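Worksheet for the structure shown next.
The first chain written gets the first letter, and so on, giving A, B, C and D; residue counts start at 1 in each chain.
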Amino acid sequence: MATLAQPRTPVTPPTYAEITRDVAATLGNPSRGYYILLGFVLTVLAIGVGALLYQIRFGLGVAGYTPPVMWGVYITNFVFWVGIAHSGTLISAILYLFRSAWRTAVYRTAEAMTVFAVLTAGLFPLIHIGRIWYAYWLFPYPNQRQLWINFKSPLVFDVFAVSTYLTVSTLFLIVGLIPDIAAVRDVATGWRKKLYRITALGWRGTDQQWRHYLKAYLYLAALATPLVLSVHSVVSWDFAVSIVPGWHATIFAPYFVAGAIYSGVALVVTLLVPLRKVFRMERYITGDHFDNLAKLLMLTGFIVGYAYATEYFLAWYSGNQFERAAFWNRAFGDYWWATWTMIICNAFLPLFLIFRKVRRSIPAMFVLSLFVNLGMWFERFVIIVVSLSHEYEPYAFGHYTPSWVEWAILCGSFAWFFTWFLLFAKNFPTVSISEVKEIIPMPRKGRAHT
Amino acid sequence: MTKRVLLAAGVLGVGAALVALRYGAPSAGLRAQQDTTAARSAYVAPVDVDTARLPGPKQPVFYRHDIHAGQYEMDCRYCHFAAEVSRSPGMPTLSTCMGCHLVAGAGNPEVEKVRAAYNEGRPIEWIEIHRLPPFVQFPHNLHVAADLTCQDCHGPIERMPQVYQYASLKMGWCLDCHHEEDVTTECTVCHY
Amino acid sequence: MDRRRFLEVLGVTGGGTAALAGCSTDQVEKLIPYLVPPEHQVPGVATYYATTCRECPAGCGLHVRVREGRAVKVEGNPESPVNRGRLCARGQASLQGLYNPDRVRGPMARTADGRFEPITWDEAIARLAERLAAASGDQIWFVTGHETGTFDRLVDEWLNGLRSNRRVVHEPFAYEALRRANRDVFNVSALPTYDFAAATYVLSFGTDFLETWVSPVEHARGFSAGHGFAEGRMGRYVHIEPRMSMTAMSADEWIAPVPGSEALLALALAHIIMRDRGAAVPPDALRLRALLAAHTPQGAAARTGVAVETIERLAREFAAGPSLAVAGGIGAQHPQAHVTAAAVNVLNYVAGNVGRTVRFGPEPTVAFGGGYGDLADLTRAMREGRVGVLLVHGANPAYASPAGLGFTDAMGRVGFTVSFARFLDETAMAAHLILPDHDPLEQWNDAEPRANVTALQQPVMQPVFDTRQTGDILLAMARRMGGRVGARFTAGSYKEYLQQSWQALQRRLRNSQPFDVFWAEALQRGGIVTESPPRPVRLGIGAAGAIGEATIWAAPDEPFTLIAYPSPVLHDGRGANRPWLQELPDPVTKVTWSTWVEIHPATARRLGIAEGDFVEVTSAAGTVTAPAYLYPGLREDVVAMPTGQGHTAFGRYAQGRGANVYHLLSAEPMAFGGVAHYAAVTIRNTGRHERLAKTEGRNRQMGRGIARATTLGALVGSETPEAAHEEHAAHAAPVPERIEHILDEWQEAQYAEARRGNYAGEHPRWAMAIDLSRCTGCSACVTACYAENNIPTVGPALVRHGREMSWLRIERYFEGGEHGEPLETRVIPMLCQHCGNAPCEPVCPVFAAYHTPDGLNAQVYNRCVGTRYCSNNCPYKVRYFNWFDYQAPQDPTFAWPEPLHWLLNPDVTVRAKGVMEKCTFCVQRIRGVQHEARLADRPLRDGDVVTACQQTCPSDAIVFGDLNDPTSRVHDLAADRRGYRVLEELNTRPAITYLQKVRNTREA
Amino acid sequence: MSKPPGGLLAAYRHVDAATRAIRGLKDLGYKDFTVYTPAPNHEVNAAVGHRVSPVRLWTLVGGLTGCVTGFAMTLWMSYDWPIVVGGKPLGSVIPYVVIAFELTVLFGAAATIAGLLFHAWRNARPAGYDPRFTDDMIGIFVPCPVERRPAVQEILRSAGAEEVRVET
C-alpha cells in the first residue's frame, strides 16, 4: 500500500451543503440519453436471454463445445466477472482498514460494481451446466433422496464462496448507503422521498447510531477483506485442484487474486471516467484518484506479468513433458493469438503507467483500462480453453471455437451488469456523502481547541 | 337360479386354479394368503361398491383384486406369473382370464368385456399404476426371494376393489427399507 | 401375432427403454399384455435363438438375444466353427438392418408417374404371375446374391420349371481371381480354408484377411492364436501391398512393392525355395522348375522394387516352418490378380503348405458360383432387349458395379423388373415391383459358408413389417402357375421346402435320429458340422500356363495407381445404411460418414494438397471427388479409396454420402471374370475444403507411451526393450516405494469405510486386461458397445465437433514412417479405465461420479447435473456428454427413428440431454449375473461376467474379471511382464491392464 | 411505542459550538440528550464520550457459530451416506476448511448486521429532529420537563446555537 500516496485535498474543499447538493443533483430526473442507453442495454439483454432459452431447449450442443474442451466461454465469463468484483471490495474494505482517505469518493461506485459483477458471475455456472433445471441439487438441502453433496468438489467450494461473497458484499453496500440515503431523503421530493424514507430505515445520524454504525462497518470490512482474498483463491482451485496440465499449479491462488484486482480496478476506471463526466463530479473524483488507481493497476499488473513468467519457467523447470507440451501449445499452438493478446494487454501495456503523465491523463487511462479488460478476459480463455484442448491423450486433442450463442450470452451478461448499474447510479448516491464529509473538517467559530 | 349356477361354476373354476397352484413352491404370495387363512371365510368382498369413491384410476375393465385375491384367495402369481423369475411381474394374458371365465362369471358385464376382447383378439389396455422412472431397475424376483410379500409394496391389494398406488415408490421410500434391512444402498444396484 | 399386436406387446416394457425423464409418474402409461402367452417368452427374461449372419458370405453363427419378443442384441454362436462365438462390426450391426427405418414396409408397385405406391400381396403376386406367364422362359432372368443353401437350389429349380437357366449371381467380392487360380493350379473351383493358427509365418499378398476376405472373423481368431504372443512364442507376419491396410497394421513387416508386381515376388520366393530345397519340394512341383528358373530374385527385385536380400530373406523365413501365403484380396484385385493368386498357390504348394495350412474341403455341394462376367452378359442382354422379366434378390448391381457398365440404364429396357429388396436401394429404385423379403433375422433359411458347415437360419422374432420371404413367394408363384413348375414343388411353404432338403441332408449324413430330433438339435446349435478329411490336391495341368502368362500388370503411365480397397466397415456398400457402421471410424483413417482419398503426405506436399481438400480423381472410366486424407501407409505413387459410400438411394443414412469408387473402375471384365480394383488415375485439387469427420486428434503419441510395443527379442531377452518405452519411463513422476505403500493401504482403508455399499460380502474388484499383441483394431468391440449400451449415433456434423459418443474407441497411432525408418502402426482400445484413484470422481459436486465397492467407476446418470468437470479431469478422455437430446423424436438429433428404437437394450437407461455418460464395464451384465448367482445361491465364477466388447472380440484380446480372485485370468494378466497401465505416473491406478504389443522382428 | 418526552432542540453550524454545548450539558449532569451529525465527527464523539460499541461481540459469536457449523455439516453429511470418491477419506478435513471459512464469514457478517440493527435502532427516535442534521448542521436534542427548560436553553444558546426550539 506504500504506493497509495495521500491525495492533496482539492484547493477549495466543498462545504457540507455543497456535497449534499452535488450528490443529490445526480439523482434528478434522468435525461433522454439515459433512457436511450438503458433501452439499448435492455435490448442486448433480451438477445442474451433469447440465446439462453434456445440453448436450454436444444441442449448445450448449440454452444461451440468440442471435446475435450468441456469448459468454454461460459466459465471464462464466470472467472472474468468474479474477478471484476474483487477490486470493489478491495477499495471499499481493504483501503478502509488502511484508512486511505482518497477511497471515499470512488468506493461507492466500486462497491456497486462488485455486487453487480458477482450477480452476473453467479449466472454463468448455471448457464454452463447441462441440466440447469436441477441446479438446486448443488446445495446441501435435506431431500427425500437422502443424498448430500460432495464437499470435496471445488465446484461446491464455489457455490459457497460465491453465494457468501454476494451476500456479504451486498450487505456491505447497503450498510454504507444508509446514512447517504438519509441525507438525500432529507432533500429529495416526490416519489423519491418515499423511496428513500423507506430505504433509509429511519436513519438520523444520532451519536448512538454513529457509534454502533462505525463499529459494524469496521467489522464488516474486516470480514470482507479475507473473504475477497478467499473467493478468487477458491475459484482458482477449480483449476489448480485438477490434473489438467496448465491448471495444476500452486501459484494459481495468488495469481488469480492479483489478476482479479487488476481487471477489477481496470473496470472501475472504465466506469468512473464517464460517470465523472455525466455527474459532474470533477471536483470529487480528481486526477489524484486516477493516479492512485493507476498505481494499483501497475502493482497488480506487475504481479500478473510475473505469474505468467513463473508459469512458463515452472513448465520448463519441472521437466514434466505434459506441462511442457501444454505451454508450448499455448504460445505457439492453434491459440497463439489469444495467448499473445493476453500477454501484451496484461504484461506490457501497464508499463506505460510508469509515466505520471499517463497516470493522470483521463483519456489514456480510459483506453488502457479497456485493453486490460480485454486482456484479462483472454487470460481466462487461454487458461481454460487452451489447456483443455491439449491434455494427456494425443488422440483426443481437439479445437474449440465459440458459437454465436456463447457470444450472445456474453454480450447479454454485460447488458445485465449495466442494467443494474444504470438503475443504481440514477437512484442512489454513487459518491458517499457522509464519508466525503468525514474527511472534510467542519466549520468552527473560534480557533480549534487543542 | 342362473345366478347360483354361475356362482357354482365360478367357485369350481377358481378351485381348479387353486389346486393347480399348490404345486408351486411356497412363496411370498402364497404365505401372504396363508396368513389370512384364519379370516378365510370371514372376508367376503362387498357385492356392490361405489366406484366413484374408489381411489386409483378407473381401469378399462373393473377387475376386482378384492374378489380374486381376497375373497377367492387366488395366489398373486397365478396371474402375475413372472414375479419370481423375472425383473418384471408379468401381466396376465387374456387366455389366463379365460381359463376360468370361459365358464365363470357369465352375465357379469365386466367379464363380458373380457370375453369380448378375447374373441376379438384385442388385448386390454390396463392403466399402469405402479410406475418407476425408467432409470430405476427394480428386479421383482430378487425382492420376492428376499421374503417380501407383494403387500409390502403394493399394499393390501386383496382388499382393493380398484388398485391404487399404495407406496410413494420414491427413492427415499426404497432407501428406508434398504437401511432397515441393511441391504446395499450402492447406487449402481438400481441405477445403470 | 400380427405386427400391430407385436407393437402393442412392446408396450409392456416400453418404459424400460424410454427416456431418462424426471421422476414424474403423472403421465399415463399403458400396460398391454400378450393375448396368448408365446412359448418361452417371460417378460423381463431374455431368450436366445441360434441363427446365421448373412451380412457377408462368411456365414458366422449367431445367438440373438430376444426380450419381450424383440431382438435386442446379436452375439456370435460359440458352437459355430466359423466364428466360435465372436462377431465383427458388420455382424453386430445386422440388428440395424432388421430395424432399419428405411426398410420397405410392404409390397409396392411403380405407378405411371414413376412413384412407388403400396399394394396388397395378392395383387403384387398376381401382377408378377401374369408377367411371368407372358414371358418366354429364356427371357426370365434371376439375379441373386451369393447363396449357398436351399434357397440357391430353389431358385435354380424354379427357373428351370419356367424353362429358364438365366441365373446370375452377383456378389461384388466374389474372389473370381482366386477361384480362377485354384481352378488353374489345383483343378478346384472352391475356396480352401486357411489355417492361420497353425502357420508360424504368414505372408499376405495384398490380402485383407482380417477385414472382408472370405471369412474375416475366423481368420482373426486363427491369426491371433498363431501370431499373438504367448509363452515366449509368436508367429511372424509379413504383408506385401502398396498400401498398409487394416490387416497390414498387424504385420511385423510391411513391404510396398510396385503396384501389380506381387506375382513376381511370389514366384521369386518359389524359385528360391525350389533352388535351396532341391528335391525336398513335392515331386510334381518339379515340373515347374524350368518355369520358375526364369523368376530370379534379381529379376523380381528389378521389377518389384524390393531388395534382393529382402526377397532371399523372405524365402528363407517362409520355407522355415509351417507357413501360409494368401492372395486374392479385393484390395489387390488388379487386372492380373489371377496370376498373383496362381503364383501364390504355387508358392504354397512348393513350400508344402497345401494340405497343411491350406486345406481344400470335400467337393462342395455348391461352388462359389458366378461372377462379374455374368452380370456383364445380363447387361448386354438387357440392352439388346432380350430380358422380359428381371428378378433381383439380395444384390444391388445398380450400385456395386462400374458405372461404365450402365446397368441402371440397361434396366430401363427390361420389360418388367421385380426386386425382392429389403431396402429401396439403387436397383430397387429402378424396379417396377418390389416384393420386400424378410430380414435374415426373420426368415427360415440355410447356408453352407464353407466345407463341413451347414448353418441354419430361423426367425428370431415376428416380422417387423408386412414383408414375405422370397422363397414363399416363389413357391406360391409356382403353385399359382401350376403346370410344369407347379408340379415340381410339393412344399406348402419355404420352411417345409427347407425341411425337405434337410431330410435329404440327414439321409446323406446317414443320421438315424427321427427327423424332428435332428431338426430340433440343428436349430438349437444353429446348424450342423460334419467332419471330413481335407481333400488332397495335386498340381493341375493349367498350373504352368497360369504362371507362365505372368504378364505383370504394367504400372500405368498415369501418375498414380488407384487402389479401390474394400471397406472393412461398409463392405461392398451394403453396410452403408446402418448408422452404427457409418459412425464407426474406419480402422485405418478414423474417418466416419464419408469417403476419402488416401494420399501419401509427401505426394500431397508436392501437389499442395492439405487434409480435407477435395481432390478430383479421374480415371479412364470416370471422375469422383472426395476430400483428401494424408496417410503415410502408402507408396507415394499410389492413392487409395474405400468402397461402400456414394449411394444415390438406400435410405437416409446412406444416400448422398461420399463418393462411389466404382465410378472409377473399368466396366470390362478382367481375364479372371471380375472387376479390376486398380485403376490408373490423375488427381487434381479442386480447392474446395471440408473438415474431415474423423475422430482422431493427433496421430502421434508424442512419446507418451500410451500404446506401447516391444519386440519378441526384447521379451525373450536378446534385445533391449524399445526406446519409446524408456523415454516414457524417464518422464514418469517417480513415486517412492514407501509412498506407494501408504497410498495402497490408504486406498484399501477407503474401501473398508464404504462397507455399507458392499454388494455381496467379500466384494470383487472388477478389472480388465487388453492384449495389444492380439488386438487388430478391427473395431468390432466398438459396435458391440453401441449395441449393448444404447449409445446414440450423432452424425457427421457432430463428429466434426468431436461429439461422437462411443464409450469405447480404438486409438490408432503411427510410429516412425518419417525419414527412412519403417512405418509402424499401433492400435489401442481406449475406454474408461475405472481408476482406483479416479480423478473424475472427487470433482463431481453431486456424487454422480463415484467409486463402487466392487471397483467400478460409476456414473449415476439421473444424478448428473452436467458440470462436465469430470470430463476435464479425466486424463483418458473417455467421458461423453449428451450435448443434445438424442431420444426426442421432435429434435433434429433424434438417434432412433421408429422402429430403430426397438433395438434399445431394456436393461440400460437411455441417457437424457445434458448428462455425462461413459463405459460402465457393462454394469447391467455384472448386476444381472450377480442377481442370478444370488438367487441360485452360488458364488460367482471367473468368466461368469462377460462384457459386450470382450464377448465379440474376434481375436480374444479382451479379458474381464475379478482382480481379487487369485484364480481369475485377469488376475494373472494384470501381473504379466508385458502389462502396463496407461499414464500410470498420474497415480490414477487404472483397473485396465494393457499388455504391450509384441513385434516379431526376428529375421532369419 | 409510547410518545417520547418533549424537550429542546438546538442546531449548530460550527463544530466547536456544538461541543461546547455538549460539555455544558454534561456538566449539568445531562446524560440522555441526543447529538445529530451529518457525518461521523471525532470532536463530537470525544465530547459525548461513549463506551466501545458491543456490536463486535455479535461478530465474534456469529463467526464462531459459522465455523463450527461448517465443519459439523460437512463431516456429518460425509458419513451420513458414505460415498468414496477418488480413493479419498470420507471426511477429508482439509477441503472442508474452505466451507467452514466461508460460513464463518457469512455468519459473522450476518450477525454484525443483526447487532447493528439491534443496538443502533433501539430508541433511536427522539421527538426532536431536523432535516438539516443530515446536511450541514449538528443538532442536539435535550429531553427535559418544562420547568427546567430555561436553564438548558441558556447553555445551548450561550454555546452558540443558530436556533433553539421547543419540541413536544
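Note that a contact is a pair of C-beta atoms (placed from the backbone, for glycine too) under 8 Å apart; a residue touches a chain by one contact, two chains touch by 3 or more.
Worth saying up front: this structure is predicted, and the values here are computed from it rather than measured.
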Using only Cα atoms to place each chain's centre, name the chain farthest from chain B.
D
Comparing the two chain pairs, does A-D have more C-beta contacts than B-C, or is it the other way round?
A-D
Distance-wise, how many Å sit between the C-alpha centres of chain B and chain C, to the nearest whole number?
48
Centre to centre, by mean C-alpha position, how many angstrom separate chain B and chain D?
71
From the C-alpha centre of chain A to that of chain D, how far is it in Å?
30
How many Å are there between the centre of chain A and the centre of chain C, using C-alpha atoms for each centre?
58
Where chain D touches two or more other chains at once, the residues are 81, 83, 85-86, 88
Pull out every residue in chain B that's touching 2 or more other chains.
170, 185
Sequence positions of chain A contacting 2 or more other chains
146-150, 152, 156
In the complex formed with chain A, which residues of chain D make contact?
13-17, 19, 34-41, 43-45, 48, 50, 52-53, 55-56, 59, 63, 73-74, 77-78, 80-81, 83, 85-86, 88, 92, 95-96, 98-99, 101-103, 105-106, 108-110, 112-113, 115-116, 119-121, 124-126, 129, 131-136, 138, 160
Chain D-facing residues of chain C, complex:
746-747, 749-751, 753-754, 756-757, 836-842, 844, 847, 849-851, 853, 989
Touching chain C in the complex, chain A uses residues 58-61, 64-68, 70-71, 125, 128-131, 134-135, 137-138, 147-150, 152-156, 159, 238, 241-244, 319-322, 325, 388, 391-398
Note which residues of chain B are touching chain C in the complex, please.
57, 81-82, 85-88, 90-96, 118, 121-128, 131-135, 137, 139-142, 145, 165, 169-170, 184-189, 191-192
List of chain C residues in touch with chain B within their complex:
5, 8, 12-13, 15-25, 28-37, 42-45, 756-759, 850, 852-853, 856, 858, 860-863, 907-910, 920, 923-924, 927, 931, 934-935
